[in-house]
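Each structure below is given as structure tokens.
Heads up, the next two complexes both have chain A, just with different partners, chain B and then chain C.
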Partner chain A sequence: MSNNQGDPAIAARQRWMGALATAPGSRLKAMWDALDGIPPYQMLRAPETGLIMTRGRVGGAGAAFNIGEMTVTRCSVRLPDGTVGHAYLAGRDKAQAERAAVLDALLQRSETAAAIQEQIIQPLLDERAVRDRSRAAKVAATKVDFFTMVRGED
Partner chain B sequence: MYVAVKGGERAIDNAHGLMAEDRRGDPEVAELTIPQIREQMKLAVDRVMTEGSVFDRDLAALAIKQARGDLIEAAFLIRAYRTTLTRFGASLPVDTGKMKIDRRISAAFKDIPGGQVLGPTFDYTHRLLDFKLAAEGGEAPMALPVDADGETAPHVLDLLAAEGLVETPGMANDDAAPADITREAPEYPMDREARLQSLARGDEGYLLALAYSTQRGYGRTHPFAGEIRLGRVSVEFMPEELGFPVEIGEIELTECNMINQFKGSKAMPPQFTRGYGVAFGHGERKAMAMALVDRSLRSEELGEEITAPAQDQEFVLSHCDNVQATGFLEHLKLPHYVDFQSELELVRRMRGEAAE
Partner chain C sequence: MAVTELTPGFSDPVHDSANAFRAILDAMARPGRIVDLPALPDPPKGFDAAAAVLALSLLDDDTPVWIDPGLRNAALDAFLRFHAGCPIIDRTDLCRFAFVGADAFAALVEDLPIGEPDYPDRSATAIVLCDGLTGGLRRALRGPGIQDVAHLAPKGMTEEGWESLTRNQVLFPLGIDTIFVSQGQIAALPRSIRISAEEN
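On to the complex of A and B.
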């Protein structure tokens, strides 16, 4: 993650927000349903789908340019103690954005953070790593193994 | 002359009803689902995302179903839908150097760190129809995994740029937001960033033909496929209310860096120059064609003589959008009774005058 300014609190929040944004929707729903004691919360910004312009770089490394847009859904909630949670995730899953925003708020409170880290965030990160490794293993099987033939000229 | 154009309403409603029945086809055949299109018509979905210029697989799949498989019509539906959504902002530039690689090849350099990775490709297939696919209900094929060595795959050309033999892609200067052709009317000459945005959403067939024309000698590009890569990149966005960037998801991209011979100019020594192409999802033909056309459009910048259509910015860029092109072409189907009537009168009069 770029630009976390070396602040461990920000780095931790980037880590969990990324885990929630990249979680398969059905998986996060199952984890949410299994969670006890979700407090009532107030909707600050109801789930809303919009667009983000995706930027790339010329040649992969030069000046930024606009590749095209992508759908994104965002949501913001407030817990009774005033903690505010935000979510931004690719796609149009409003229920997932709402769950992610509530979890973002709960993860900022010391009394609820540890349990959610353990029951949701860490498993999501582990599962993503497993998916990535499984794909990488199939891709690795398509890597070319060059061997040089002995040439006959001399 | 005034011609009444009312009276088509019932016919239009019924025509749409007939189209809906035809779209469904034989009701004895199972109806297509959006997940089926998304999963099994992936390359069509990817093309609609690229040319519709919105990354969203389910939306593109729905558009393909609604458009009965007409991919330009589907891109049109996506473009129309995007106008109904608010734009929250722009992402940080994605880092394609950190792509989770599905495919990565170089036709110019054999031995590259990370290796030549073929990935899911039609290359090396024999293009023989496979009648086994006509039989349904077989077991899903399983690809063979091996232990991945975890080797990273840096951009091939960056390794050579260090030697000065290949130009660097320029500085990553993010002080100013790049031009956005969806917000500002195009002005020519257009800067490279705006050109790339136009080409990225441009029609694949059109760019393919232009790229082919440069290969055949109309504005010679003499290209090598320096690198083609396909894979997933993480997208980060900085919401104002947070003040730091967060990952919002992963998107799949195809990227192509072409390298082209360049004999040098007063300002630059002889070296290889580059053309760049990128597409949403798996769009190799598109990314390669775009890279050749990008390089071709740099003729003026590089002091090359402009002799061919593919080197002419205004010609290339103002005709590359298939939604725009379709709109102007297909408007010819709308009633032009009055225009035609006036031209008919004119021809009659001229014939009359010629006969006198």
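On to the complex of A and C.
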């Protein structure tokens, strides 16, 4: 995520791909069903589920190590005009991967991008912010401050 | 950002590639026999459907591929990079697979890696795109996998092409393996096969 941050086009695409990948499946389906004018599209890579190895660094700076594998579903589609959309998302929801890939393609086309940004991406991002805040609030309620009592040492 | 010419790969990758692999094994086990490959509905522009099926079945990220400049185009590069994930290289001596037109084959053979005495498998497989698998210069084949004699006459193969394959046979157990492809069909010519011009 930290790579290519200088490029606004890449940052914008990361933003919408992230919104599509983290959307609840049922919510994205409802929005998809409400959307009209989805062009016919061709499957370049039908939705498929596999494992990826996630890697991390202790403290963000240590040596890279493997945290573990996670399940990922990916899909790639092509619109009639040749625009290619990709989707990678956690879990096994193949229908969502397909919808996310089509939306990724539509978001790259100037004629459809604005409507989808407004009808799907922005609402998804707003809802995610609400979810994150309520989760953070729940977590905050369980916060424990550790302190050491002064022992009577003499 | 759009990759305009990208075309789809197998519609059912698991089963299609397994069926294709089985067909390639059959072709290799019976040199000279013409074998049908499972169809690919929409190969990259200007590329043979059978060659595209071979690419999808055999190539991955550790098989460097060399492509005849006469065949190469942006659509093919995008197709191979996306579906096979293979590196496309300019050095013939480092490749594991080479896609070449029949007319350019003779000039290529001597440049391909033939393996090492300890590792004869570190050699290249040449995939030769022909205009047809019959009706060209005819050669008799003898060796493992052939009862008595088999014949192969890929259209477009030149005298020099066959001569270079005859020289390749002398290198056994080193040398290159060859697969001729045309219009959804393949015929294989492993390095173990003796090639001769006479008919009997």
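Going forward, the second predicted complex is superposed on the first by the 137 of 154 C-alpha atoms of A that agree within 3 Å, B and C clash if a C-alpha of one lies under 4 Å from a C-alpha of the other, contacts with A are read in each partner's own complex, and residues count from 1 in each chain.
One rule holds in what follows: a residue touches a chain if its C-beta (ideal position, glycine included) is under 8 Å from a C-beta of that chain, and two chains touch if they have at least 3 such contacts.
All values derive from a computational prediction rather than experimental measurement.
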Overlay on chain A: chain C relative to chain B, clash or fit: fit
Which of chain B and chain C A:Gln108 touches, first, second, both or neither: second
Touched partner set for A:Lys94, first chain B, second chain C, both or neither: neither
Partner chain(s) touched by A:Lys29 [first = chain B, second = chain C, both, neither]: neither
Chain touching more of chain A, residue-wise (chain B, chain C): B
Touched partner set for A:Ala9, first chain B, second chain C, both or neither: second
Touching partner for A:Gly82 - first (chain B), second (chain C), both, neither: second
Touching partner for A:Glu48 - first (chain B), second (chain C), both, neither: both
Chain B versus chain C as contact partner of A:Val58, first or second or both or neither: first
Where chain B and chain C come nearest after superposition, their Cα distance in Å: 6
Chain C-contacting residues of chain A that also contact chain B: 13, 48, 76
Residue numbers on chain A that touch chain B, as the complex places them: 1-5, 10, 13-14, 17-18, 21-22, 48-72, 74, 76, 86, 88-92, 132-144, 146
Complex contacts: residues of chain B adjacent to chain A: 49-50, 53-56, 58-59, 82, 85-94, 96-97, 100-103, 110-111, 115-119, 143-150, 155, 157-158, 168-174, 177-178, 180-182, 192-194, 196-197, 200-201, 234-239, 241-242, 244-251, 253, 255, 257, 274, 276, 278, 280
Residues of chain A that touch chain C when the two form their complex: 9, 13, 42-46, 48, 76, 78, 82-84, 108
Residue numbers on chain C that touch chain A, as the complex places them: 1-9, 11-13, 82-83
